[in-house]
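Here the structure comes first, spelled out in structure tokens, and everything after it is commentary.
Labels for the chains are A, B, C and D, by order of writing; each one numbers its residues from 1.
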Amino acid sequence: MTETGRLETFADGVFAIAITLLVLGIRTPSPSDDLGKALLDQWPEFVAYIVSFLTIGIMWVQHHRLFTIIRRSNATFAMINVIFLMFVAFVPFPTVVLAQRLGSGVDAVGATLLYGATMVGIALMFNAIWRYASAWDGHLLERQSVEDRRAVARGYRYGVPIYVLITLAAFVNPILSLVGFAAFAAYWALPISGASRES
Amino acid sequence: MTETGRLETFADGVFAIAITLLVLGIRTPSPSDDLGKALLDQWPEFVAYIVSFLTIGIMWVQHHRLFTIIRRSNATFAMINVIFLMFVAFVPFPTVVLAQRLGSGVDAVGATLLYGATMVGIALMFNAIWRYASAWDGHLLERQSVEDRRAVARGYRYGVPIYVLITLAAFVNPILSLVGFAAFAAYWALPISGASRES
Amino acid sequence: MTETGRLETFADGVFAIAITLLVLGIRTPSPSDDLGKALLDQWPEFVAYIVSFLTIGIMWVQHHRLFTIIRRSNATFAMINVIFLMFVAFVPFPTVVLAQRLGSGVDAVGATLLYGATMVGIALMFNAIWRYASAWDGHLLERQSVEDRRAVARGYRYGVPIYVLITLAAFVNPILSLVGFAAFAAYWALPISGASRES
Amino acid sequence: MTETGRLETFADGVFAIAITLLVLGIRTPSPSDDLGKALLDQWPEFVAYIVSFLTIGIMWVQHHRLFTIIRRSNATFAMINVIFLMFVAFVPFPTVVLAQRLGSGVDAVGATLLYGATMVGIALMFNAIWRYASAWDGHLLERQSVEDRRAVARGYRYGVPIYVLITLAAFVNPILSLVGFAAFAAYWALPISGASRES
């Protein structure tokens, strides 16, 4: 058993890099084009930047929060976290694809499904992290955390189905999905989500 | 309530990555061109690199300093910091746009406004961080920091209007704005700003 | 003699960045192409992303684990770690080359050898780190770690030859090598490897 | 006065990112070209990668070592470190330029001077960091470090002139400079440099 310090440092690094690489997905308009018009035409890239930034941000906050009650690690648990991070680090790719498809109008629904599938993958891995940590109960978790544990379990029960629903909203309109992803990220940061109150 | 350790690690990561990605905005001159001439022609890219590096640098110093008196966090506060970092991580984009527009001469004023708007956004988010932390007073802040708190509040009163003024100087000359951004960054590092003396 | 804290932070940073840069190797399909078809055609890029992510991930886990029994550092030891990280940070290059060659079918075996050679290099440097730390025994290592030391030595005895074998499997089929690299990464995370039990 | 913890974390981040971005300077050979021939033609990119990696690596080791005797910071000192990091983060640019010029043969001497000037800049900033920390003596430094202080001062006396000499060797042959930079990096890691013995 080892402390979770380096696992958290590593995860923070991947979160921080993935979130900062998002800006590379915004294309620089050609230096001879009218700047205002070019930026307006690129609106999907800015919207996608904001939505993905908020989403990775709130996922970092949740991961952070989860590790206030997980205190120990082992090789298997570290590798589950690596797979979780594999989905997080992947986010810049569907973000760029989605932004470009909203711009071109070709397969925008498919791009939203790709984006949503990545989010569902992250939510599933969050559950995997939590289940493994709970199963090794008394080993990986903080002792005095029965209350916190229930709050976490409650939150995770809804993560996957909600991400699936938001993703499927793309069949109505991809923008609806994007708004949904942003709104769900914002929700987690609000006191009504219980996250701030209890943390 | 949780410690601010991981929040600071994450913020440091985003600051460090955004500042280091700036170098990717400097184009490699074609290997068959005269090197000296090519580098001289690229002067706006080097100037923009220096100004943005110093600006992100001093913002990191100020964030660092702020967190010597903020001691606790919660989910909402973490998310406010994520939005702050969304502006910081965005800086490489307006930096490249500004550098290229100073080179081409097309819409250089507009590019400076985009750059300045990003800086104003960062200054506004600094205020948001500070106000939220103050409002939760006694919860998020260090106890013995009345002195420090006044110094912080004093500094923040001028941040937004000064960045707005420097940005508007672009209508006179974009270079004037650039000099202004660099000078303002340098000012914060000087003992006369009160920052070194008090920190 | 200094503590290993900053060495671990630096190594974690390089691991985290190298692993997150892998996503930049996945090309964005042209916005006017059929998305589903384009993504299917890019399968080698996704497979290479997964294999390299898992491999860098498990190497981070192993490095992490190694430093639970290495407690002190010096300039030479730090530089050995820098050379180790030079191989780790190189991984995105052979990953992209391999993905593109599996796609084009030109020199796919050669690309797998380049990829495998990088892995063998990492395994060799792991041995170098361990040997230097053992040689300075009593200086760099934790005292109560005779048990752990034997486990580490046992694991490292097989690392290099196994990576050589997996690499040579490319002469049969490059895909066989890829599966081998993924399987070897997964093996280290399993309890049967002894890694979880003992850590 | 504040602790140097976050300054070191931030510096480690910039070092780690700059060193890991070096791999992006190695071009992926066209997927339809003969792989072996393409890689051989790219030898300057691999050499430049190795030299820059070792150089940034040893500079990180030295920075690390320096901060074992610097214990406190202030805003001005943090900004001096930011300017130091501005040179470190710049290294990927002259590295790519040098690699491409060694390949094309056009202005290879000029590219080596650009590369060397960056190294001289880093060495000068190392002196600036040390002088500022010494001037604030008793404030920024560890108390019991008279011995260490003399060792540091001794090492820094030669850094700038040696980097200037290695740079000027480009007028004889750019490769001679490259070998010089790599050798100087290796020297710092050797016990004979006094670095390992004393640290």
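Assume a residue touches a chain if its C-beta (ideal position, glycine included) is under 8 Å from a C-beta of that chain, and two chains touch if they have at least 3 such contacts.
Computed from a predicted model, the values in this text were never measured in an experiment.
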Relative to chain C, chain with the most remote C-alpha centre: B
Copy-to-copy rotation for chain A and chain C - C-alpha atoms, rounded to a multiple of 5°: 90
Between chain A and chain B, centroid-to-centroid distance (C-alpha), Å: 25
Where chain B and chain C are represented by their mean Cα positions, the distance between them in whole Å: 36
Multi-partner residues of chain A (at least 2 other chains): 9, 13, 16-17, 21, 24
Of all residues in chain B, those that touch chain A in their complex: 1-2, 6-7, 9-10, 13-14, 16-18, 21, 24, 74-79, 82-83, 85-86, 89-90, 92-93, 96-97, 100-101, 103-104, 106-107, 110-111, 114
Interface residues, chain B side, partner chain D - complex: 8-9, 12-13, 15-17, 19-24, 26, 28-29, 31-36, 39, 49-50, 53-54, 57-58, 60-61, 64-65, 67-68, 186, 188-191, 193, 195-196, 199
